[in-house]
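Below, chain A partners chain B and then partners chain C, in two separate complexes.
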Partner chain A sequence: MLKLIVCIKQVPMVSELPWDSRTGTLKREVAEGMMNPACKHAVEAALYLKQKHGAHITAIAMGPPMAEEVLYEALSLGADRGILLTDKRMAGADTLVTSLILAEAIKKECTDFDLVLCGSETSDSETAQVGPQLAEELNVPGAAYVEHLEIENRIVRIKRLADDFLETMEMTLPGLVTITTGHFHPRYASMGGLEEAFNTADITILDADGLGLDPDLTGLKSSPTKILDVYSPVANKKNTVITGAVKKIVDNIFDTYGDKIGGTIGKDLKTHEHDDD
Partner chain B sequence: MVDSGKDIWVFGDYRNYFRNRVTLQLLSKATELASTTGGRVCAVVFGSDVDEYVNEYIAHGARTVYVIDHASLKSYKVDTYVDLMHRLAFEHNPDTILIGATCFGKEFAPRVAKRLSTGLTSDCIDLEINSDGLLVQTAPSFGGNLLAKIITPKHRPQMATVRPGVFKELPHDYEVTGEIRRVPLPRDLPPDRVRLISSTHEPRRTQKIEHAKIVVCGGRGMGSKNKFKKLFELAEIIDGEVGATRPVVYSNWAPQDSLVGQAGRQIKPQVLFSFGISGAIQHTAALEDAKFIIAVNKNPEAAMMKLADVAVVADANQVCAALIKELKKRIRS
Partner chain C sequence: MKHKLVRKTVREFVEAELGPIAHDIDRDARFPWEVVEKMKPLNFFGLQVPKRYGGVELDSISYAITIEEISRVSAAMGLCVTVHNSVGAYPIVIFGTEEQKRRFLPALAGGEKIGAFCLTEANAGSDAGGVETNAVKDGSDYVINGTKIFVTNGGVCGSALIFAVTDPENPRKSASVFMVQNDTPGFSVGEIEDLCGMRANQVSSLFLEDCRVPEQNLLGRRGEGLKIGLAALNTGRIGIAAQALGIAQAAFEASVKYAKERQQFKRPISSFQTIQNYLADMATEIDAARLLLYKACAYKDSGKDFGPEAAKAKLYGSCLASRVTGIAVQIHGGYGYSKEYDVERYFRDAKVTEIYEGTSEVQRMVIARSVLSQPT
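Let's turn to the complex of A and B:
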């Protein structure tokens, strides 16, 4: 039976977020979370392999305690085991340290894995770096931006579109893939399934000591990259602000900018009979 | 002996040469940075029969080009390229390595950084040298509503990826000469663990949206897939194209093809209507060439509203519906 690992991340549901101005990192504990979209596709890819070949799926998440929610979601969908890596010392880790911690967890808890699946990128930071770095750390072959995959005789065959090249590649297991949102459209977690997961879930929670991490290792201090400053990119352009009733707004747009819009499409939008309603 | 420890390296990503000029753009930026740090600008090229690229990189600012030219490197191979880059960087200790954020670069760069145990900042939109001589890397952060300035104070090289189109290339100068350092393929190079079975060039169809004079973009603020459909109706009336933000594409309200942003399409309409978009930098970076922007959002403080020429503080769905109604009337009359 295939041993699959899916690394999933909980990301903030909303984009306007509280952040810690001192450290320049996000206050994840006060944001409402959801499973990162690409990670959902990675879970779906794992479920596809499980249905086809039979597999044991371990879902791993790293984050604050509330990140356990995405593990319940994965378990309700068909993952068999969840591992939550949570410790204040891990907070603020950049991609290098994150991939190191994930690799430690995999080496400790599921060292005989066949395939690791990650989402190609997260919606909150979009670096797309953790997957490839995890492949390095585990010293296995890896392929990023995978759209489709099949496994046969311990060889994983991958299809992806990269830089305008449609590529088919093969690698021998064990390996790592990062999955895009192009294929493997995720199924939805049913409420019943979620409830069952909450009641019967097999979730292991590990902190830095439980993982056996170097006591000197902390997310913020061990990361090579440091955030100097975080700021809002908005340049206050001199613009016109329109408020009021929708009908008035639309009339205002056509009266003032009708020339511009109409000129672009070659139509006269300015002359018309005003409704007197 | 030149101190190579100050050098700025640019990875020669020549695949799709005529469409993807990110290497030339990075050489231009590296030249500007090197004028402050005093390092040399070097390009690093792996491949088979790559002299034309080597010469092109010299003409665009590379003073030294490290070349590994071997028949076995005919197609891009990430495992092998990571190995080669790691060996070269380990030997020469460059101060900085810049890599284009192509699909290949985004897979290649993190692995090189990991092997060198150094930091990597993804999708930088600006690079500068601060008073300590450190590379300050400005990159989108927290979903793109904020920008972060990031440094790699203690680890070398400093590494960054940059999307195509962020920097402007220098005009070429075929008079300048550069040093070409040919490096033999290492004898102990392990076979690539990922085997390329087939690779077919699928030139990305230029979408109408990239040339459209009018674009109607919608974000999550439209509320639902059904409500988002109204934008297609509006676009049809004004001969425009529909664009979408990442969350919209993720939610399957609009096709992947319509993604406007750093990872999708760059647009340059005469008029852009923006509905229910907060204005993450990954989206707004693709709007720099939009001539005139009308944004509709309930939140007057949204970044998209600050960027617009006309900021309409109202419900995006209602304004969209009213525009459709009014346009039908006016176009008929």
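Let's turn to the complex of A and C:
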């Protein structure tokens, strides 16, 4: 039976994003959480493999205690086990430290894994770095931006999104893939799945000590990435009001913006300049 | 955490699957079978049925949250699901024999058959003892004749609980309940009612003409009909309270959004104290209704007599839904009175929550009876 690991992250719902202006990080404790969209697709990819080949799925999440919710969600969808990595000393970890902690957890709790699946990126930071870095830490081959995958004879055949085309690649297990939101559309959790998840939950909670980590190397202070500033983009656009008769307005628009409009729609508007004269 | 996740899960499903069509199915009075098909594998039709009969046996608060969230998007479908679960299937869970449970519950829990509860007749409503449909024993069968009206899910039901008199000499004390499948000869569906609200639900009359069912289809004992009916309605009222709450919540959310966007006198109308007072009262009363509902659920799950609590939750929740949806229309002004805006639908849907599964007047009877029976 395949041993799959899905790394999932709880992200704040898009409606409210409370920032700690001092540290430049999100105040996750006060934000309403949800499973990161790409991680949901990664769970779906794991469920697809489970249905096809039979598999044991371990879902791992790192975050504040409330992140346990996404593990219950994964269990209700069909994952078999959950691991929550939570410790105040891990708060503020950047992608490097996060992937290091995840790797330690995997080495400790799921040594004989076949495939790790991550979301390709998270909606709250969009670095897309944790998956590839985790492959490095685990010393296994990794492929990012995977749209589709199949496993045969311990070989993963993937279709990977690269700019405007799909690459087909093969890699041997064990390995790691990051899944995009393109293909594996998440199913809905059933009420029976939810009830089952809460009645028979198998969730292991580990802190830095439980993972045997040096607490000084797990959080914000030990993260080489420093967020210098966080701000909301301010729209500095000004409206231009063009007045006059309709024909004059149209001429004016074409004179001023003809190149831009033409460039956008891919037509040389100048050739049509006097068509209706 | 469980209840939060139940809410998120149901909300995600209904917003995606019912949200885009909620307005149209109301306008067209169309039952969305395509969504029902998607609801079946998610166990929406086996919410209170034990696992061994194919259900998921949710706790009552999870059940209430599920109905609230469906109703927040489409009250007519919230109605379908709660009537199916609480008064269509649940009485079989409570009063059915092992054989009956095995025979009827799996199809209901899987949604292959949608359930209906048929008490109301032309001359029987709040006066449940006035049922005139009769069931005459003939060998090992009962032959049922009569007409049921305003049957929720009537046009789509596969399995109906029929209240019928089994002793014509003593009709008021001999109501019994029969489980009747829609393919039984003599069972037919009347026209779909043209109602003010809940239009996507196929509320109809049901006709029983020499409808012959084996005596094994008698639920509980002969003459126990009123007892079964009252027990079913106690559970049903939790569902209707949840449904009313969902409608009120939707109207409230629409009002807050509109009040922030709508500009009058060069500022959003939410900056006016009158509108603020409306919104503050709505928020407060909705919270109160929710807590009253959860109290009734907690009573039910802990095995206490939850009837009066369910009646309070239903009475308060349904009156609140009417009040809140009325204010929501008022906040929206002329637009609120237009079918272009959803608050108009909420306003129409809310009213009937004060009427079905026991009118507000009947709820007050139930509550008063409980109050007066306490030792002073």
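We take it that the second predicted complex is superposed on the first by the 229 of 277 C-alpha atoms of A that agree within 3 Å, B and C clash if a C-alpha of one lies under 4 Å from a C-alpha of the other, contacts with A are read in each partner's own complex, and residues count from 1 in each chain.
Here is the rule we use: a residue touches a chain if its C-beta (ideal position, glycine included) is under 8 Å from a C-beta of that chain, and two chains touch if they have at least 3 such contacts.
Remember, it's a predicted structure, so these values are computed and weren't measured experimentally.
> Of the partners chain B and chain C, which touch A:Ser123 in the superposed model: first, second, both, neither?
The answer is first: A:Ser123 touches chain B but not chain C.
> With both structures fitted on chain A, tell me whether chain B or chain C touches more of chain A's residues.
The larger set of chain A residues in touch belongs to B.
> Output check: A:Glu73 vs chain B and chain C. Expected answer is one of first, second, both, neither. What do you get?
A:Glu73 contacts chain C only, not chain B.
> Determine, under the contact definition given at the top, whether A:Pro174 touches first (chain B), second (chain C), both, or neither.
In the superposition, A:Pro174 contacts neither chain B nor chain C.
> With the two structures laid over each other on chain A, which partner does A:Met34 touch: chain B (first), chain C (second), both, or neither?
Only chain C; A:Met34 stays clear of chain B.
> Quick check for you: in the superposed arrangement, does A:Val246 touch first (chain B), second (chain C), both or neither?
first
> If we overlay the two complexes on their shared chain A, which of chain B and chain C does A:Phe198 touch? Say first, second, both or neither.
It touches chain C, and chain B stays clear.
> Contact-wise, after the overlay, does A:Tyr188 reach chain B, chain C, both or neither (first, second, both, neither)?
second
> Spell out the residues on chain C that touch chain A in their complex, using ranges where they run on.
Answer in residue numbers: 1-2, 4-6, 8-9, 12-13, 38, 41-44, 46-47, 51, 56-58, 62, 66.
> Which residues of chain B touch chain A in their complex?
Chain B reaches chain A through residues 15-16, 19-20, 78-79, 82, 102-104, 106-107, 109-111, 113-115, 117-123, 136, 140-155, 193-204, 213-214, 238-240, 246-247, 249-250, 252, 256, 263, 270-271, 278-282, 284, 292, 294, 300, 303, 305-315, 318-319, 322-323, 326-327, 329-331, 333.
> Enumerate the contact residues on chain A facing chain B in the complex.
12, 15-17, 19, 24, 26, 37, 94-96, 99, 123-130, 132-133, 135-137, 140-145, 157, 161-172, 175, 181-182, 185, 223-237, 239-244, 246-247, 249-251, 253-254, 257-258, 260-261, 264-265, 267-269, 271-273
> So in the complex, the part of chain A that touches chain C is made up of which residues?
34, 68-69, 72-73, 76, 188-192, 194-195, 198
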